[in-house]
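Multiple structures follow.
Next, two complexes with chain A in common: one pairs it with chain B, the other with chain C.
Showing the complex of A and B:
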């Protein structure tokens, strides 16, 4: 009891520090960066969605390492979940509990819609809310619904991870193409004077590749967990 | 929403992290802290109001929200989800090894060896 009171007191002190530091936030806050991106973002990158403009052009370096961390985490999950005995097709947790027929029927209805919506979100990442990371998550969810429809589905994790690694190298290559055309790393490989519509080709290409990579990564993680729960 | 409220969410996560007796609950508390941080950043990017940072032919009236914190938070969400998956996988391995996911029991068993 006394320990918890001390803990709450310490957390109160933390809150006090934060409260004091937030007092002059209105003076510290400025809109220079926001105004610059709003004024020049579309002409610079060809992306109407300014978040995508930052993710795939201004700060592409960040996004590349983000995708790299996803790849490392997937490798870690697979390595930790490795089993001594090599089973060919793991019995999934789902078929222990009989899936209700209603679930299966509605999964069949929803599955193509989710796939289509995921691709829509990926491809329109530069004009509407969305992008590679979000759309990839939607597609991964759609693939997971497949396990409701057919629990005996065989998944070759090694193949998926190999495709993911190749995709990551391809993303790095596409991102470094700008060294040839613009003379600087990790930006759009079309020249800076190109029209926004031309630049959008690069955005769609990179969004699709990142979306595929994220979808494959999340699929791998989910399959590893399903095998644990058998 | 006030930035102070988002900091309360972070503090709730800290409190749970310090008091939870179960490994899985600790992982949940880490995700709660993460949600608090995401809310805090999104708040700070939109202190003076504004609409989503998607521009049509003209800038939207009333200004836009700052797109930079939003782009950073996409990074946080993706990394957070994968790190949570990694932590939960470690939890499964701990359970297979010790037969329990209670901190106290694991610690006592380790010190008893």
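Showing the complex of A and C:
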């Protein structure tokens, strides 16, 4: 009890100081970064969605490693969940007979819609909210629903992981193409005064690749978890 | 094209890691060495090209405005860390080369970690630092549980959760900085703070951001109240990984400590006393726990904590000489601690036990490895002619005016001597009936590390002046005081061992069995952040 009270007191100090610093920030608030990107984001990158502008152009270097975090997490989960014992024929935890029929029927109905929505979010990442990371997560959720429809579905994890790694290499290569075409690293490979429509080709390409990579990565992770839960 | 070498240093290991993972042939492992050679050559050429004009190494990725895009910059500090990392990775690659059948997966994580660590050293952008820190945390957690044996899952999750909470504090700090300055470019923030027009340095927001950044860094560097992940993780990891983590990855936190203090240089934050106390506590508590341990790797892991404390005792000064002592101790510790861990790995593998009491007669079974281990032990205890002596002397020289600071360092030295006298017992005794393992790769790695320890211990003056331009000629090996001090520490340590530690009294057992639960270390983390907040913001 005393421990909890002390903890509350300590957190109280932290939150108090945080609120005071919020007051400070209202005076100090420097909008340089915000203003700069709002003013020149569309002209520089050809993306109406400024989040995508930052993600895929201004700070593409970060995004490459953000995608790398998922890549490493997937490889780590695969490695840790790989057991020496051979139990390949065991059933999935999600038993077909225990899933209600209503749920299965609705899943069949929703599955194509979710897939389509995922692709929509990926492809329109540069004009409306969304992008590769978000769309990839939606597609992965759609694939997760597949396990409700067909519980015995067998997935070749090794193949997915290989494709995911190759996609990551491809993303790195597309990102560094600009060094050859423009002499600048990790940016749009079209010249800076190209029309927004031309630049969109690059944005869509990279969004699709990131989306696929994220979807495959999440798919692997939950397949590994399903196998763990046998 | 020399300008883009930092990018190459980051992506060569990442690419080779991916290729090693994808191609399923055992011979692809040699690619790691090809990559390592290419990186070493590039790094040397880069250093040659930019010596004396490090301001030119600055460039913005994508050619954007420097306050919007991500920029990279190098100086003596970051390049010396780059060379150290390349060296330690060389050693770990050679040492682990012919061990285990899952070597490709291991190399994948190991090489990826190298790319990420080199990125962390060279970046000039706070959010980029955060991304690398996060990636590093996940990679290290995977490497800790890599053998999937015994307690390693628990230790890995412990490490992951505690470090991620530290990194999250770092992220909140970055958000505060971004709101205050409109940029997260380290150099720009440093210039604005130093100019003192927009901020005076007394703002609560600025100081709180400093506290949060330091909270994240302290967890990474295993400073006193948040050190508990280190012995757990290092105790269960493979010896090579323990060597890499102790030698280098923990130093990533200390490197960021230097960088962030550079950034806040104009803000009049009086950090010296606070971090000196934290460093001294870390050193004393680390050595106290190390004395009581019976497991060889636990002893070494707790000594890492105490040595990080000594480094902090050096770094937390405004006097550049003493800071340089701390910096040099980072390098020396990286060399002798990886030597000790790798050597301990060889011994543990041959004797199939980690208990110091059960290992005897190493000198007879493995004379070569014993010699290298003894060099490592002489270095860590600060014997003259070995590298630990040099950096400890510089720190000692810097704090000699203050009696209490001097005595704390002396007590830590005695503790270190005691626990290595205890560990040196493994060399003596009758020759046991064990299989003699011969591995050329492991011997090469140990020999190179031992050689580096001796070289740095004797030719420190030209190395220091050549690389950092720091004159350390006031530290002389040929002083009778130096030998006298070392002998006194050894004698007191020996008596202390014989009279107290060997009898294993109740107190020692209590300390050994003391276990910091995850819940408790989280309380301590919150306490630590709150104390820092009170000290730096409210006082």
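The rule is simple: the second predicted complex is superposed on the first by the 223 of 230 C-alpha atoms of A that agree within 3 Å, B and C clash if a C-alpha of one lies under 4 Å from a C-alpha of the other, contacts with A are read in each partner's own complex, and residues count from 1 in each chain.
Basically, contacts are C-beta pairs under 8 Å (C-beta built on N, C-alpha and C of every residue); 3 or more make two chains touch, one makes a residue touch a chain.
Since the model is a prediction, treat every value here as computed from it, not as a measurement.
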Superposition on chain A - do chain B and chain C clash or fit: fit
Touching partner for A:129 - first (chain B), second (chain C), both, neither: first
Touched partner set for A:62, first chain B, second chain C, both or neither: both
Once both complexes are placed on the shared chain, angle at chain A toward chain B and chain C, C-alpha, multiple of 10 degrees: 60
Contacts of A:106 with chain B and chain C, given as first, second, both or neither: neither
Which of chain B and chain C A:172 touches, first, second, both or neither: second
First (chain B), second (chain C), both or neither touched by A:14: both
Which superposed partner A:221 touches (first chain B, second chain C, both, neither): first
Touched partner set for A:36, first chain B, second chain C, both or neither: second
Which superposed partner A:25 touches (first chain B, second chain C, both, neither): both
Distance in angstrom between the closest Cα atoms of chain C and chain B, superposition on A: 5
Touching both chain C and chain B, counted on chain A across the two superposed complexes: 7, 11, 14, 18, 22, 25, 29, 31, 33-34, 37, 59, 62, 66, 69, 73, 76, 80
Sites on chain A touched by chain C in the complex: 3, 6-7, 10-11, 13-14, 17-18, 20-25, 28-34, 36-37, 44, 57-62, 65-66, 68-69, 72-73, 75-76, 79-80, 162, 165-166, 168-169, 172, 178-179, 184-187
Touching residues on chain A, where the partner in the complex is chain B: 4, 7-8, 11, 14-15, 18-19, 22, 25-26, 29, 31, 33-34, 37-38, 41-42, 48-51, 53-55, 59, 62-63, 66, 69-70, 73-74, 76-77, 80-81, 127-129, 131, 133-134, 214, 217-218, 221, 224-225, 228
Residue numbers on chain B that touch chain A, as the complex places them: 3-4, 7-8, 11, 14-15, 18-19, 44, 47-48, 52-56, 59, 63-68, 70-72, 74-75, 77-79, 81-83, 85-86, 88-90, 92-93
Residue ranges of chain C in contact with chain A within the complex: 4, 7, 11, 14-15, 18, 21-22, 61-65, 67-70, 105, 108-109, 112, 116, 119, 127-128, 131-132, 134-135, 138-139, 141-142, 145-146, 148, 153, 176, 178-183, 198-199, 203-206, 208-209, 523, 526-527, 529-530, 533-534, 537-538
